[in-house]
Every structure is written in C-alpha cells, then in structure tokens.
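Each structure below appears as structure tokens.
In the two complexes below, chain A is the common chain; its partner is chain B in one and chain C in the other.
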Partner chain A sequence: MVDIRLASEVPLFDIVADSTEPKHLVTPGSLITKETGFMRGHGTYMQDDCLYASVAGVVERVNQLISVRPLKSRYHGEIGDVVIGRITEVSQKRWKLDTNARLDSVLLLQSVNLPGGELRRRSAEDELSMRQYLKEGDLVSAEVQNIFNDGALSLHTRSMKYGKLSQGCLVKVSPSLIRRQKTHFHNLPCGASIIMGNNGFVWICPTLHEDVAGGFVQNLETVPHADRQAISRLRNCVTALAQCKMMLYDTSIMHAYDASINAGFEIKDLLLPDKITEIALMVRKQFEMEKE
Partner chain B sequence: MSGTELLSDQGLRIDGRKPNELRRIRCSLGIFAQADGSAYLEQGNTKVLAAVYGPHEIRGSKSKALHDKAFVNCQYSTATFSMGERKRRPRGDRKSTEMSTHLEETFAAAIRTELYPRSQIDIFVEVLQADGGNYTTCVNAAMMALVDAGVPLKDTVVSCTASLVKDTPLVDVNHVEQSGGSPELVVSILPHSGEIVYMSLTQRFHIDHLSKVLDTAIKGCKDIGVILKEIMKGHLTKLDTSLQAS
Partner chain C sequence: MSIAPQLLRGPSLMAEILLSEAEKAFIHHGDDLRCDGRTRLDYRPIILETGLVSNASGSSRLRLANSDVLVGVKVELASPLSEKPLEGRLEFFVDCSANATPEFEGRGGEDLANEICRFLQMSYMSGDTINLSELSVLAGQQCWVLYVDILILECGGNLYDTVSLAVKSALYTTQIPSIKVATMDGDQPELELSEDPYDTKRLNTQNVPCLVTLMKIGNHYLVDPTPEEECCSSSGVVVAVSGSKKITAVRKIGSGSLHPESLVSMLKTASEVGAVVNKILMKKLLEEETAGKTQKVGFMR
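== the complex of A and B ==
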C-alpha cells in the first residue's frame, strides 16, 4: 500500500508558548546594547562602541559577557564532548574525521589506544598500518581532547568506551537538539544501546557489553531480529522527535519508544507525518504528567 | 509594449499595484533536513529555493582554501520550466555564471568570513518560477537560508529592483515591466548601515533620474528587510518554544 497525501494535509506540530518570560530574540545586524563595558561573546560584533548581533538567536548574558546563541548551527566543539565521526582521510600520523564541525576533526595516532597495551611506543610500522585500524568511511566514537587555534577539533579514543563502531544505525540531527548530560552512552531497556554524540550524530546499536566495546574490533555476528526491530523503532522515534524539534536524551527517546508501542504503531508507521505529530504530542503529555 | 500601458492614467501598474507597492512576500525557513540552512521565498510570482551548506572543510581542490577567511561558493540556477519558454539547461550558461559571481561577491561582503579560516560555505539557489526580479529574490532567499544555518552575518542583505516609467519610479518590477523596455536598477544593501553592496542598471537613462530611482529601490530594500525580519523572528520564536517545551 502506498501512502499519498497533499502537502497541505500534513498536520502541523505547533506548541503554544507557555510564555514564561519574553525571550530576547535578535536577528543579524540588530543592535543589542549601546552601553559600553560589555564583553562581546560568540554571535556578536562591536562597531562604533555598539554591540550588534551577527546571528539570529537568543541573547544570553553572563555577568559582563554578552553572546547570541543561534538555535541551529554547525557543531561548536567543547573539550570533553562525546562525538561520533566518519573518517574522511588517512594522512601522516593522523586521521581526518567529519564531525559536522566547520573543519574536519583530527584524530592523532598518538591519541588512540593501539592493541597491545597503553604504554606502547608508536613505531614507523604503526604509521604504515594505520589503514588497517581505521579506513575511510569508518565510524568512530571519540572525545574532544583539544581545540586547535584555527578551530579544528583534536579527538582521542583513549578509553575502552570509545573506538570504532561496528553494527548499528546512524541518525544525523542538529547539534542543538542534543541535551548535554553526565553520560552520553545509554543502555536502553528495550534491548539496544544509544550513543548521543554532542555533534548531533546519534548512534543506535545492539546492547554494548563492557568487554567487547572499544578498540578496533568489529563484531560482525548476525544481530537477532528482535534487536534489529528495536533499533529501527528507536531510529524512527529519534527522527520523529528531531522533526518536531524536541530535545533528545535518554528519557525523551524512551518515552517516544514506549508511546509508539502503547499506541500500537508499526515501525514503518512512525515515518508518516501524522504519526510523528502524535508521538511528539504523547511525549509532551508524558513530560507534563511527570512535572505535576 | 509602450510605456503608457505600464502605468495607467489612474497611476496603477499593470498588475494593479501602486508605483511604490511591493509584491506579496511569503517565506518559509528550514525546509530541507539535509542542508544546514534552507529557505523558500516568494515575491509575487517569482519563487526561489535556497540551500546553505557549511561552513565546512573545503571539498574538491584544496587550493581554493583561503588561510584567513572562508571561501564562499554560490550556484545560481533556473529551473528549465521556470519561464514561458522552456530553458535548455538550468545553469552553466553565461548569464547564470555571472549571477553566481555576483552572489558570491555580495555574500562575501555580508558574511563574517574572517571567523572561519580555511572553510567553505556553499549557497545554492534555484529559481522555480521567474517573474521578474529573479536576482533580488535569490539574494533575499539566500540571506534567509544563511540566517537559518546560523552563519554569522554583518547584517542582513536585502535586495530590490526599481524602474522608471513616465518619470515615475516603480519598485519591485515584475516580468512584464522588466521586458517592457524600461530601465531596471538592481540594488542590494545592508539595511542597518545603509551600505550598498551591489548595484546594476540594465540600460542608460538621464543621470537626473538616478537619485529618485535609487531612493525608491533603497526604500523597497528596507521595506523587504522589515518583512523578512518579522518572518525570521516568527520562525525563531516557534523553534525556541518547541525546544523549551521538551
């Protein structure tokens, strides 16, 4: 059966604002303040002693520092963030990764754990066999170690939880939809694991076991059918929440997952616009109930 | 077509507008999931899609990378079905290439490229229906897409056309007025500072007319700027409330 509908029939997902306080929203070029003594942060610029916005977004003020946070932008890295990236290039002593940042990130050979102990010296042979560990197109989970002067990120995988990703499903969303949390690795009760990269890349895979994760070993055993169904349902839930611009974190994703099962939706149903709206509304209702 | 028909005795234009009246503007932001920013803009019957990718690592030849600022790459294309007469190819002809270069120059002036050394920003615009003022609608649509992508701009760039019929300046000309033999002035400005970043004139007229035609065009730009800003704010509020609600 094919589902055909007019664009005008697609239900709109509009939330009426709770109107807590009117937000200070600005557009590029608009004046933020004429007063002097403020420091200019990201998304602002100074001209003739006046502070102007350079992006459209919300004005945020911390003491004397004024910055404008765009509601949607490329990934702006911070040290300690968990990211997921795809290898684009293997070069001298380093891999280049696409992490949705404004420049490709760098994973140095010295900041990965090679098989055979933490304190192993990196020899010229390791350099030659870099492509055996990670090659173009591979997906890697890593942590931001440093930010170079030009803004490029330097990553490391010096922990067993980071490393090459094997079987699973990658969903790309806007980085602003990922909520910052204590941990970005979750073993969900529905039989799948999820890695919420701060850069907006979400990795959904069969449940990770502590002893297998990390390094460069890929587990290519066949994933059971039930696990694959759980993964696809999660994937569709994540895209549904992202389409309705709802924040993504373990609780919201689990709410969406449970709601889709309780409502009796099939996995493929979750791609339909009206079902997406329904899921988003149910998740929102759930949050409101918990608040009370 | 003679100039007398373009402006009736009652002072109304061929589509019923007053000389200083803009066409209806409709716009929606964030229409593509893949692109970093996107916009769809209608000015009357001129309809344009714009998509922005980046700032990202330079793809293709690395020699294009600039060590101190971002490289802006634009592509102007017209759908084959956009005009009365079917076009053979959507881009690559001399006119489209020229338009792309103009867009690149305009946006290199408006984007704060110095913040993104060694990066690239791609802007793609596609004219779906051409009814005059194609370039101006493309500039406005591309600007909206850049705002949606969160790319830092010095100021919003807005663009508008103006023409002169029977010594009366007309703002935001449509296809009939454009091809009616009257001169067309295209202006892109940064509305807050009033700086002109692009200006072109299709044919000669007496220099005495220039100031009033230019003023009309700039007034049109500013009016469009106000409308687009409202649309941006509406979009931001909607996005912000749904992010806050969850």
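== the complex of A and C ==
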C-alpha cells in the first residue's frame, strides 16, 4: 500500500544507459574557446571575443561553426512531425495548442477537416462554432505543416488519422527520447494503440479503428477492464524506459511490456525504482541478443 | 446572480491543469484500477532522506512521485506564550517555490502556502501529537521554539501528505541542545548551553500526525491523487492521523459536497491508512538512523 525508501537505497537510473560519457560537456557560462575566427551557433554567446555556452549540453563543431546541443530542451519542431497537443485557447479562426514547444502552436481553422466532406468553404458559422469542434483542454494529434518566423509551429489535421483524441492516457517524456520513424501510430498486439508524438507526448488508448478516427466525436463509454490493464501497463513501461533514458519506439515498448509480464510484475510494481531498472536492463539485454 | 468561477471552485489544491472530457471520463470509469495501475488505496513510491541541511537542527527531503518537499527545522530560545507558560511551540512556514510551477511566481503560491500552514498548525494542536512541555526550559520565561520551514520544490499532486511526511521526518531528526539553568543571579536565571555539540535530546515523534488526502471520484474515494485525478474530483477530505490512529484534524477540500455516510467511511479509511503510513515511516526513519553515517545523496544525481 505504501512504499517508503531511503534515497541511498534507490538505484541510479543511468546505470542502464551507455556508460560512454560525452567528451565536450559544458554548463551555461563555461568557456568554449578563446580563439577568434569561429562562428557563433545555437546555444552559445560571445563576450570579450570569447565564446561561451548558454545552455548545458554537448559542444558540436561543423567547420567554423560552434554550437551547443542542449541535454534537455523543449520541442524543436520540424515540418512533417507527428505531434500531440492540448488546446489552450480558442481565438479568431485558430486554436492555440500546447505542444511542449517554446511558443504555443497554432492550428488554423482552414487546416482542419470539418465534418461533412473534405472540400468545403469555411463559413462564418464555422468560425462561430469552433468551440464545438475543439475546446480548451482537448487533446489533438496533428502534423507540423509549417514553422513561422518566430519559431511557432503551424499544425494541420487534414488526414483521417489525425484529429481529436478520445479516452486514454497521456505520458509526457523528453522529446529527444522519441525515435523518428516511418509511422508514429502503432496498434500494439497487447490490445492498445499508441501515438508517439515527436514532441514527447505519448498517447496510449484502446485500439484505434481506422474508420472512427479523425472526427470530432469522443467516445465516452466505459473502456473494458482488460483494455485498461493493457493501457496502464504500457503507460508504466513508457515512464520506466523514459526514466532510464532509453529510446522510445514500438519495439522497445513492446519488449518492456513483454519483459514485465514474463518477470511476473504487477502493473503497479512498475512504479518502484528497482523494478524500473530491472525492466530497462531486460530490454537492453533483449536488444543485445537480437543484434547477435 | 452570477458567481465568479474561482469562488465556486473553493480552495485550490494546486496549480490547475487542463484535461479533456474524455480523459476525465477515463479516470472516472477506472474501477479500482487507476491510470498507473494502482488500486484506490495505494500510494506512489516515496523517497526519503534526512539530514541534508547541515546548518539546520533537523531536516528532511521527501519525494512522492513528482512532488518534492524540503523541510528544515531550526530551534531557538524564546519566551513562552503567556497563556501556555509551561510549553514550547512549533511555528510552521511554507514557501512555494516558483520552480515548482510558474503560477507560484510572486504571490501566486501564497494562498496554498497559508492553507497548508494553517492545517499543519491545526493538526499539531491536539495534546496527543507532540508533548510541548518537553520544550519548556524555564517555566514562564524561556522555552524552545521549533521553526519548521517547508519549501515546496515541485508539485506532482498530493501536497498535503508529502508535506506532512517530510515535516514528521524532519522533526524526528531534530536535535535540541541540552541546556542547564545555572546560578540565579538575583532574579535573572542564567542559562548554560552544553559545550558538547552532541549533547542533545530528541523529541518523541511517535504520535506526530500524518496527513491523508482522500479525493472523491465518482462514488469512490482514493488516496494519493495525481494532479489529473485532483482535476477530476470535486471534493475530498484531508485527515490528520496521529501514530495512535487518532484523528486530530479534518478539513474538506474542493467545492463539491459529501454525503454523511461517505464522510464517515472516508474518515475510517483515512485513519487506517494513516496508521500504516505512520508505522512504515517510523520504521524507515529508524532504519536510516541505525545505518549511521552514509554518503548523502542530495540533489545531485
């Protein structure tokens, strides 16, 4: 019922990750070079002809350009990325979404499929009833269509696979842990679907059927117990892998899921620190075996 | 007549988060299986460390999932309150760091801090929890005052419980210097502090209360709500349970109502859960003490 541990008993989660330490690790304010003639890239600043790091991360050099890749950052969008966002604001002809980026992303009324046919003019009535389609708090899956000059993302949902999300569970992880893949929508064999947003938002829900996705209706019926169990277990597997800084994609998640079942762990056991490292080690072993 | 929505919402538990209708439905329908696989009466794992702050008389840091609290206790000599000349006292102060959520910036966290402070004060008021006469040095003239400073570093739901466990752990480790009343110089007594820094005494914290938050979701109630669950629930109770299973204070949170029957059963459950939490916490604190001096883990990991 209650599990209290001393901090000294908790295993280090990074034992699972590769132990090769990156060479040029810097913290904000540390000197990168005193030499002149280098170009100032992202994550650096110039002071008294010296180049300093403005973020904590790894120094990267391409010819004369020096930049620092941050260890932890907000989502840096790219066109074509699948993202999951939460509506924060409904304004004129657009919705504002939180996508874990530096600025709120924008979903224009003209870049969504409205009910009743794909090709339809957006009328003033559509503009007035925007809140009926999507309101504050709603979750949407979408694709990055464009990046504005200020870095804000413009999204679109003009495909049947995107749209409002129904019942399920959202897990937030670091965007850098999501592996880029051909598809970010997976129907997993364990009886649940997963959408891995490139922005680090992972959506786990009961198996999606092609024909119902993409609309603006939410199914509020009770989810069967077996589905819930699969969803909960997947959720805990994803958080466990994320805590150990393991890359997230369908195979790694399924390995974690299978490992947790084979080891006989209960779903709630996967919250415990020692079980988390155990799962991560098992997944890693599985990958090593497959490599051979 | 219209009422501002913030008045209807009642005292806020923490930063409000947004959830969609479907997510709320998903949480509501969870039949003794919550989103993270826990049953209704399960806590998330708790990580505890004491003695992190070297210049405090007692300190602890407690993490419950993503809720992170640092508590320091400082003892000081002061004159006792005139209505309680034979007792020392406890003073609580809660600080919500803006690091926890941007909403705490400026005076944003003040309401929440005051609420937690008041409730802690209330739950320690009962005579069974802590023997305040232990803190008396010289009747009516000098006593120890324990300043309990609570710093909320991160909010991940269930702040009341996290804070109370951290406070209890910090009080458990608090060292109160031994003091002797030396010669009376006329009317003025002279106090002599022991020269040995290890010559200290400790409080009996066996009965110090733990707070148990029960949130009502649908027709059921659950312990240790996540922020998402807090967002789904309209009402709940925070119950202070002492080590001897006694309830020392109760407070309702949220704007919703509670049926008398469910309130009684919630209080009963809370006192049972509280007793278990108390017991396990005391066991762990003893374990850490007997393990002796080990390398402190702290914040760098």
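Quick notes on this one:
Convention: the second predicted complex is superposed on the first by the 235 of 292 C-alpha atoms of A that agree within 3 Å, B and C clash if a C-alpha of one lies under 4 Å from a C-alpha of the other, contacts with A are read in each partner's own complex, and residues count from 1 in each chain.
We take it that contacts are C-beta pairs under 8 Å (C-beta built on N, C-alpha and C of every residue); 3 or more make two chains touch, one makes a residue touch a chain.
Model, not experiment: these values are computed from the prediction.
With both structures placed on the common chain, the touch criterion links A:E60 to neither chain B nor chain C. In the superposition on chain A, A:D126 makes contact with neither chain B nor chain C.
Contacts of A:D104 after superposition: chain B is touched, whereas chain C is not reached.
By the touch criterion stated above, A:G43 is placed in contact with chain B alone, chain C being left untouched.
In the superposition on chain A, A:S73 makes contact with chain B only, while chain C stays out of contact range.
Contacts of A:D250 after superposition on the shared chain: neither chain B nor chain C is touched.
Using the contact criterion defined above for the overlaid structures, shared-chain residue A:D227 touches neither chain B nor chain C, since it reaches no partner. Of the two partner chains placed around the shared chain by superposition, neither chain B nor chain C is touched by A:D258.
Chain A residues 88 lie at the interface with chain B in one structure and with chain C in the other.
Chain A makes touch with chain C in their complex at residues 1-8, 10, 12, 86-88, 136-139, 165-170, 218-220, 222-223, 225, 228-229, 231-233, 235-236, 266-268, 270-273.
Listing the residues of chain A that touch chain B in their complex gives 13-18, 20, 23, 25, 27-31, 43, 45, 52, 54-58, 70-74, 88, 96, 98, 102-104, 150-151, 176-177, 241, 243-247, 252, 283-284, 287.
Listing the residues of chain B that touch chain A in their complex gives 30, 33, 36-37, 54-57, 112, 116-119, 147-156, 190-192, 229, 232-233, 236-246. Residue ranges on chain C touching chain A, taken from their complex, read 18-23, 25-26, 29-31, 33-39, 41-49, 61, 65, 165, 273, 276-277, 280-281, 284, 287-288, 291, 294-298, 301.
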